[in-house]
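What follows is a pair of complexes built around chain A, which joins chain B in one and chain C in the other.
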Partner chain A sequence: MRRGLIGRLLGAHPVGTAFVTPYVVFLAAVFAYPLGFAVYMSFHDYFFAAPGAVVERPFVGFDNYVTVLSDPAVRRAFGNVLIFLVINVPLTVVLSLVLANALNAAIRWRTFFRVSYYVPYVTASVAVVGVWLFLFNSNGLVNSVLGPLAPDPSWLVNSGLAMPTVAIYVTWKQLGFFILLYLAALQNVSRDLYEAAAMDGAGRWKSFLNVTVPGVRPATTLVVLLATVTGANLFTEPYLLTGGGGPDGASASPVLIMYQRGIEQGNPDVGSAIGVLLVIGVLLLALIERRFVGKEES
Partner chain B sequence: MRLQAGLLAIALAGSLAACGSGGGGAGDAGAAAKARGPIKIWYSNNAEEVAWGKQMVAAWNAQHADQKVTAQEIPTGKSSEEVIGAAITAGNAPCLIFNTSPASVSQFQKQGGLVPLDASYVEERSGDVAQQYKSPDGKYYQLPWKSNPVMIFYNKKIFAKAGISNPSLRTYDEFLATSRKIVASKAAKFAIYPAPSNEFFQSWFDFYPLYAAETGGKQLVADGKATFASDEGRKVAQFWRTLYAEKLASQEKYTGDAFVDGTAAMAVVGPWAIATYKGKADWGVVPVPTSSGKPAAEIHTFSDAKNVAMYSACQNRGTAWDVLKFATSKEQDGKFLAATGQMPLRKDLATTYADYFTKNPDYKLFADQASRTVEVPNVPNSITIWQTFRDAYSKSVIFGQQDVGAALDGAAQKVDQLVKQS
Partner chain C sequence: MRLRFVALLIGAFVFLFPFYYMLIGSLQAEPDPSVSGAFPKPGNLTFHNYAEINKAIDLGRSLINSGIFTGGVILGTLVFGVLAGYALARLQFRGRGLVFNLMLLIQVVPFQLLTIPLYVLIVRSYGLADSYLGMILPFLINSTAVFVFRQYFLQLPAELFDAARIDGASEVSILWRVAVPLVRPALLTGVLLTFIGPWNEFLWPFLITKQQDLQPLAVSLSNYLTTVSSRATNPFGAVLAGACVLAAPAVTLFVIFQRRFISANLSSGVKG
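So, the complex of A and B:
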């Protein structure tokens, strides 16, 4: 029987369509539309104008991409974020899994520790950055402890150390969230498997490697992807910790440069081109990660 | 399924097309120029300026029941400029903003967000200094309102602790010798602490005031070309490089106020800071140094001005213009000076408010200095130009990773290109 337009629009399961519609609208409004608009801007000589202002926004092909790719500051920012991800993602996975495992065990003060790890995640970056500046400036606590081993120039004004310091800060700040993901995943690992491993003579370490790690693989895939996506969107930390990407752009991230070019300097077309390249880069990285980390799951 | 996807694609394409056309309409500008009625204005969120703004609005409203002014502090954002830029794009900017940065005027103008003002009133009120605020098309899109001529503040207690009773800070050599003495004596950890961060505007409070003084009032860009890769520019940059290299100034970001905290013995700030320092620092003030030690009466500095602009979203521009004139009248400027200590950009400031300066001698120096201030150049790509300069300055002067002269030359080439772009 031939269905009418409304019937075809609603599909075979109208109730299901009704349920997903709000999410589809949400997705279209806050994701698809801005992304599409960003792509449009990146191919035009585009700037924001007052309503009614007569302005020309000609199509410029790949000009904005050429501008972006020939800008050493942008290239450096992409390199910086790679350094960030290389440090941040593995560190996040290892620390959050180990800590979640420990917090899942029957230890005293378990709730206190869980809350303690989660607090930095829910505290505003602006508030905790002050503490890190106190810790990592040249007269800070870290250098006082290190004494003559303290780096010169100090952490946040050292070209080689600024980005790793930011990466460690972000790892620490976000750890609580990823611990929660692993804690949830650990609940799904069957107790029987641990008992079987114990029967086979496996110690804690072997049991962790052979039962826990494979048991939480789906969560690991999620943690890797989320850490990559949030890391690639790095902005607040270099802006606040290193005074806008210093020293000499060593901690500048693509989003920070995007903000400078697009918002501060009034070139949203160039900012959009950076954003599109970032999205493509993150998608490629996520595909590679999914291929390696999530292979058994798939 | 294909139909659903198709409908979504059409909806998105339609949205994009609507955005691309920049639709909407601001109405008839000619009619708006004469229209009178209620208007909205924004002023800054500085407590002293808010107090002045409230009394100014109350005074206007008391006399103009049919043309009420509704005023509010500028909405919170990362910076005033971003908030204003967003309001222009959204079409909901107020009629007047008493917090418009001259550096952003070229961008706001390009956005079609500003209304040109009556040149005769602007020039009559501000005199010769008004010329710096004229746009490349010969019109004024901002009324030069108030300045904060930046000078060197020094902490008398720290200087005394270092054994310096009468500081001599006129030449670079004197300034450096004094700085070395302060740090060596451990009276303060640093001699001076300008923000070493990478934001485009930071050079206004380290390089630019000294460059203005060294060159007798030259802007960063003049006649469509960068001016700073000159002997004067190199001298200024090298002076700051020495301060950073000898750790007399810090490369690290500071979260508080280094001058108030006593971490630094000196600061480069304008008279707005006097209220902040009250009861916290026993300060003295001198003009910024020059290499040869020019007399104070010849020293120029950065103006750190904020101006008033009228925005194109305004429908009742007749009232807006009247309010602008009222708020910048001799009477209201006097009230502004008394409330904030900031300098109205009026010609003959010192003589117009002679009584105030007699009663407040601390401010007399700033009034004298206000007649010799240098503004950021009103050129296209102004903020990109300053970021380009800051990047080069940061790399060479603050972090010593490049030769100072080579960095200035490289930045000048880029700036010359940026100035040519519209």
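So, the complex of A and C:
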């Protein structure tokens, strides 16, 4: 190991720089530069032009943001994503923690259960959307089981139920991944704490609340954050499940609107502004959630 | 204990039933949405739907496209990701902390914000629309996999590396001869984690492939779902047949290698 001037300048293993170069170039080209470019576009009158054509793209200040915020469809989409998160996030946390806790015990068919919970997560959304369409159709299996209790209009074409149905679909689809996260976190909860709780006469429910739930709090913070980010990125499900965000925009997501405005209608500047607002929204939400969920973490 | 078992069983039913229904539905000649339709009737079973979807979208071609897309991402992540993960875990060089923090920061940037600028850059500026390279580029190196690789390399004893260096081995040969063989099982986990992403990815290839013979199966299937299906005789049967073809590789891989997904394997990635 060489020391001296070169060592101090470049570190003990300068070859490391060569090893990370492709990755750094990738991060710069695919994340950093487009990120800056998105912000740039959102403040300019940016439109698609023929390659090589010299066009003027003047600075327009907050014009694109004004366009976005005064568009009722965009406001509705942001509202929709809130509905989505209010259903999806608590459901995800509760169901995945309870199922992971049940799976963590010595139980018959553990492998079978783990596989069955994880299968929806590894399957393409496009594939399972096909089945859900078939199941939740007006005359689909779910409605024939429900009989007179079936909602009218049916699930995916009912403006009050479309977004909740999408939220439940995504919860079901992603749950396996979060179960796995909690299973990993449960390995770190000390056995001694359960024994101490049992000694104090705590039942199964009490020790779940007083030992398990605080014990996996860091994982809960992560689950809440990841579920929020997943929700904010929602596109495939409303696009395919509800035919492009119907009925009447009731299940449109911000990313769906961003795609329609930015690419279909050829206004990448407006699309970028929606993207920037979405990210700011997610960051704010993540901060609030951290205060809320991670409060007892020191 | 019995209660717990029953609860898990009900859960498993909820999770698996749509897949069972997908398979049954794909084999039915006439769609039957009533409850009895969930049970196969010998007279109603046929492979016709598979032929139908294969006529509408070239399944073989689409699967090859999905394979090239996924394979490119896995290759990029393995080659460049292992290099970066090893350097971040085992090498002291200027800027290491910066790269590591950059990697963590990237995890927070939602990919969807980048959709529009990447579309503009890759399609308009670089002219990579309707190409495998354009499809693969945004996913070429998976940061989560880099992070997981780094964690695995960190777990190896430092003496091993010191000894190899004293013997005069170059870093490239240490990585290739010492480090990689020791973490080979972990690399398989990395491959499996990476596989799911591009195989199931929809939005990005949907945006940049307009040519049908370049579209991955997820994209061609969704196009069939939104446009052509209304004209087919048994649209749901055909969609479900396509869905089975799309789901089968990922599900099969996962069932075979499910031990690789056990919590102990992932926990090192989660703990950070």
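Please note the rule applied: the second predicted complex is superposed on the first by the 267 of 298 C-alpha atoms of A that agree within 3 Å, B and C clash if a C-alpha of one lies under 4 Å from a C-alpha of the other, contacts with A are read in each partner's own complex, and residues count from 1 in each chain.
Convention: contacts are C-beta pairs under 8 Å (C-beta built on N, C-alpha and C of every residue); 3 or more make two chains touch, one makes a residue touch a chain.
Every value quoted in this text rests on a predicted model; they were computed, and no experiment measured them.
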{"item": "Combined model on chain A where chain B meets chain C, clash or fit", "value": "clash"}
{"item": "First, second, both or neither for A:159, with chain B first and chain C second", "value": "first"}
{"item": "Which superposed partner A:149 touches (first chain B, second chain C, both, neither)", "value": "neither"}
{"item": "Residue contacts on chain A - larger count, chain B or chain C", "value": "C"}
{"item": "Partner chain(s) touched by A:245 [first = chain B, second = chain C, both, neither]", "value": "first"}
{"item": "Chain B versus chain C as contact partner of A:118, first or second or both or neither", "value": "second"}
{"item": "Chain B versus chain C as contact partner of A:137, first or second or both or neither", "value": "both"}
{"item": "Touched partner set for A:73, first chain B, second chain C, both or neither", "value": "first"}
{"item": "Touched partner set for A:47, first chain B, second chain C, both or neither", "value": "first"}
{"item": "Touched partner set for A:55, first chain B, second chain C, both or neither", "value": "first"}
{"item": "First, second, both or neither for A:265, with chain B first and chain C second", "value": "first"}
{"item": "Those residues of chain A which chain B touches in one complex and chain C touches in the other", "value": "9, 11, 24, 33, 37, 48, 51, 130, 133, 137, 243-244, 263"}
{"item": "Residue ranges of chain C in contact with chain A within the complex", "value": "1, 4-5, 7-8, 11-12, 14-16, 18-19, 21-22, 25, 31, 33-35, 37-38, 80-81, 83-84, 86-88, 91-96, 99, 102-103, 106, 109-121, 124-125, 127, 137-138, 140-141, 143, 146, 165, 170-172, 196, 199-200, 202-203, 207, 218-219, 221-222, 225-226, 236, 239-240, 242-244, 246-247, 250-251, 253-255, 258, 261-264, 266-267, 270-271"}
{"item": "Sites on chain A touched by chain C in the complex", "value": "1, 9-17, 19-20, 22-24, 26-27, 30-31, 33-35, 37-38, 41, 48, 51, 99, 102-103, 105, 107-109, 111-135, 137, 139-141, 144-145, 172, 175-176, 180-181, 183-188, 219, 222, 229, 232-233, 235-236, 239-240, 243-244, 255, 258-259, 262-263, 268, 271-272, 275-276, 278-279, 282"}
{"item": "Chain B partner contacts - residues on chain A that touch it in the complex", "value": "8-9, 11, 24, 28, 32-33, 36-37, 40, 44, 47-55, 57, 73, 130, 133, 137-138, 153-154, 156-157, 159, 241-249, 252, 260, 263-267"}
{"item": "Complex interface listing, chain B residues touching chain A", "value": "1, 3-4, 7-8, 11-12, 15-16, 19-20, 22-27, 81-82, 85, 88-91, 93, 107, 110-113, 195-200, 251-253, 255, 312-313, 381, 383-384, 387, 391, 394-395, 398-399, 401"}
